[in-house]
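This report concerns only the one structure given below.
Chain IDs A, B and C follow the sequence of writing; residue 1 opens each chain.
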């Protein structure tokens, strides 16, 4: 996080490349480049933007705003500029937050050529009339949109999909937390025996998701059983999730189960409250079963999209707990088979040592009761979460039972 | 209303013809005649009934009951009579309402030959013993059942169906209000660009609906998307509607939406509370998507089926408001398309001037948010009412947005 | 009951044969014998067990426990034994209930060879050190599992299934009440005109049900529309029923309707509370629509599986009321047709004398209203219970109406 934080990322450019290269030290992420003007559904890949320096000199020649101190000071995708202007002219290109006078806001202008600076409202209030020099040493050229992808094969070609974005400059929760936690999820997934194949992408938001989907949607539609958009997972506040478009996908089922079963306080946001790449993944015709997982959701916390979203807000504990939660989600999916009983009527559990041989009043021990209840609902239509719900026993108390019944060949696991 | 009110209508006869001819001055209604004895499912068209005069003379020769003063005084379909009878004999043919002693009731005997007079209970109580002369100059003969129909073509062969009845003598709400309001709806529909074809009928209740269905059900079953039985729409009380048999048709959806969205107080009656031609339209095997629309529903207001259901109860405002409400219902149906997004993922709204070019904290203006929410649910399965419900924005705020998105070719409207 | 009570029944052996022979005096039950070692799904038919005598002599030679006084004193399926043992050794083969010190418990060891005695905890507490003689004159040999079956043909090959068990020694509610009440149900069914075929079986619990299913499941799956496991129907406490696996079968619908319509206090137990042969009938792959009907359900009353479950607990009134209730259930099924209207639109009820000929305010009498409401929902999809529910009239008020409408050929009854 500390190494990645200062890098000036945007939806294209060297900041993204540099970020992905640092993440590659921890996980074998493949890097892809898509050329400017490439069509992606209704969009085209924009020009690549890079920036070396930018500042404002006040009438006295003092450097009052300096890109080198914080890349948030420059509006993303600003065109090059080098001229002297009056304060009223400057003001048309300044962005500040009257309600958060100490914060530098995060502003972009990706799809209309423009330039600007972001400063605290407090600083802005003190600017005096005079001639200011504005200087932005940026470049907009035909180049590439860069993204990372890793496909980790599993026993099945069915896929779990994870998506996070790498296009935000120096802000910590939204959005360095997503790529960082996701990279460490990749490390962990690589160590596991996997039922599912994993498709994990590190993309610029919106245009990156759209570009990726335009190249992969056919495969993804057939393969993905559940997907999670990972964003704002570094603070220590309550979890939240944004439901899918109709709120009824397998990803919703899993997310809600995990939050509820952990006794976590969490907020279920309606799809109307969406704002990140779940917008694309759930759009009609795309229809992927994707929800977004966050701590404090983007847009809901005061530091959001300002210089206050920094390494004070994001903590090792926040990152680590989110990592655990996401592991938990993946573990539940991996274990959540539908089961089918193998013999008609109840099997004779006694001969397998699973039933008391002496039958007396109240003698059906809770273990045997659990087995026959499990078998009663192992009818090929219920998955482990359904069985758990029907027999009112938590899923984590059923894992070893399912293993035992598989060993005894009393059930089979359906793909 | 004033011209139509005095006419003696019944399920057949010149009163219906005269009524339809007056309505023809306002709308090009076609008049049909179906001969007596024509089979209509389990029924046959009855003899045609006409009446010229009827009265009762008291023992002193005073005309105490006179058809010419109010046609309600004669039981509908009374056979001719001309004789002198005692008070006890007369009483067997008198109808009055002990609980509404000042009201003349409305009574008929369509399918069993009989005769009778209707008087106020107050008058009846004063009758003294003696010989009364009863005289009814009526005629029951092979003739015709008369009804009106107008088919107004639209872009689609799918139909909206409106039905109202023209068989009640001098009563205003039940039922001159229905035919009158419906006639002015026809005038209005003729001026509109129409998506749907309109089938509008003016029929005698029950036997007219059955006769009409027996001749048209095959076409109607394929064509009608929603139908409204219009009755008792002339008073100023709350609206009400009688649901379809299972309460789940498109007509129910539209009616409930319009009442709810207008913030109208209204009563939703169960199909068990039906009593008009919705009985036939919803019967098993007919199964048309028809609900009944009323102000005070038939049977629920004290003036119902008495001489008090007159032009005091029905007001210009009552008629006019009902007309507006029914126009509103038709306008909602006309506009209520299912929409399909045309490009995968969100479209690039910015290049169409529909999205802010500068992205800063909280910058997704409500207009842009509305567009992306609309597009998210324009998946071909949701109609405008569904979208309105899902994104929690009233339909009338979505009309112009839908127009805009159609223009931009971001959605198509599905038939 | 009195004659059957003393017999020593078990899952095999002469006690079952003797019991079925006594029941044959009242109903023509067929008796079947299935040989030891016959496979039945995951099980095999066990050896046949018979017992002549058993007792314990105390150190002084007193017969302190005597099978001839109560067959509950011997653990079911005890192997033969004849030896002298110390009290500690004896104690390993004694069963008693510390919480019910005056009760002799009911204990079995069907599937593991063992022997034992059951005594009151009070008696056990008084046993003194010394040498005891234990004697069991039993026999375990290749033989047969015995069960009874009667198929009573009806107009349809579709079947109602009744199951009860005959494997419990001297206990009255669980389980002599089931076979006894069921036998008298057979007597009654034989006197009735039957729409359905009846399959009624008297079996040993669990192994009997499994054996029976293994021989008959294919026929049963196609034929059975509803089944009832009858157990513990002899006391006078509230009724209870154990739902089917998913709680949504036709048997659930009927049982719930009958309990609710009789205004009976009853307990609906979840399938998780099952414990008798509904376990087998509902198991995945078997999937028969079977529920269990009881008064005090097995396992819920203190006398259960002890010597206190005797002819004091079970009463003539308890047995008779249960018999009535079960007859009621069968009568509802027999009458519960789906009905289809025969003519489009409402029929002309007037010409059939079913509608008032004079139509005046409020004149649609409740009888006519009932007819048109019935016809409105006689659409081929609703059965009598559905119609009852929709038109809010109890089923028993609809029987004669349905008969009348069938006579008038206004409806047909669908199989």
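Throughout what follows, contacts are C-beta pairs under 8 Å (C-beta built on N, C-alpha and C of every residue); 3 or more make two chains touch, one makes a residue touch a chain.
No experiment lies behind these values; they were computed from the predicted model shown.
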item: Equivalent interface positions on subunit A and subunit B, same or different at half; value: different
item: Angle of rotation relating subunit A to subunit C [CA atoms, steps of 5 degrees]; value: 120
item: Geometric centre distance via CA averages, subunit B-subunit A, whole Å; value: 56
item: For subunit A, residues that touch 2 or more chains besides their own; value: none
item: Interfacial residue positions of subunit C with respect to subunit B in the complex; value: 340-341, 343-348, 350-351, 357-362, 364, 372-373, 375-380, 391-392
item: Footprint of subunit B on subunit A - complex, ascending; value: 40-43, 75, 95, 97, 105-112, 114, 116, 206, 209-210, 213-214, 217, 245, 271-272, 275, 279-280, 282-286, 299, 304-306
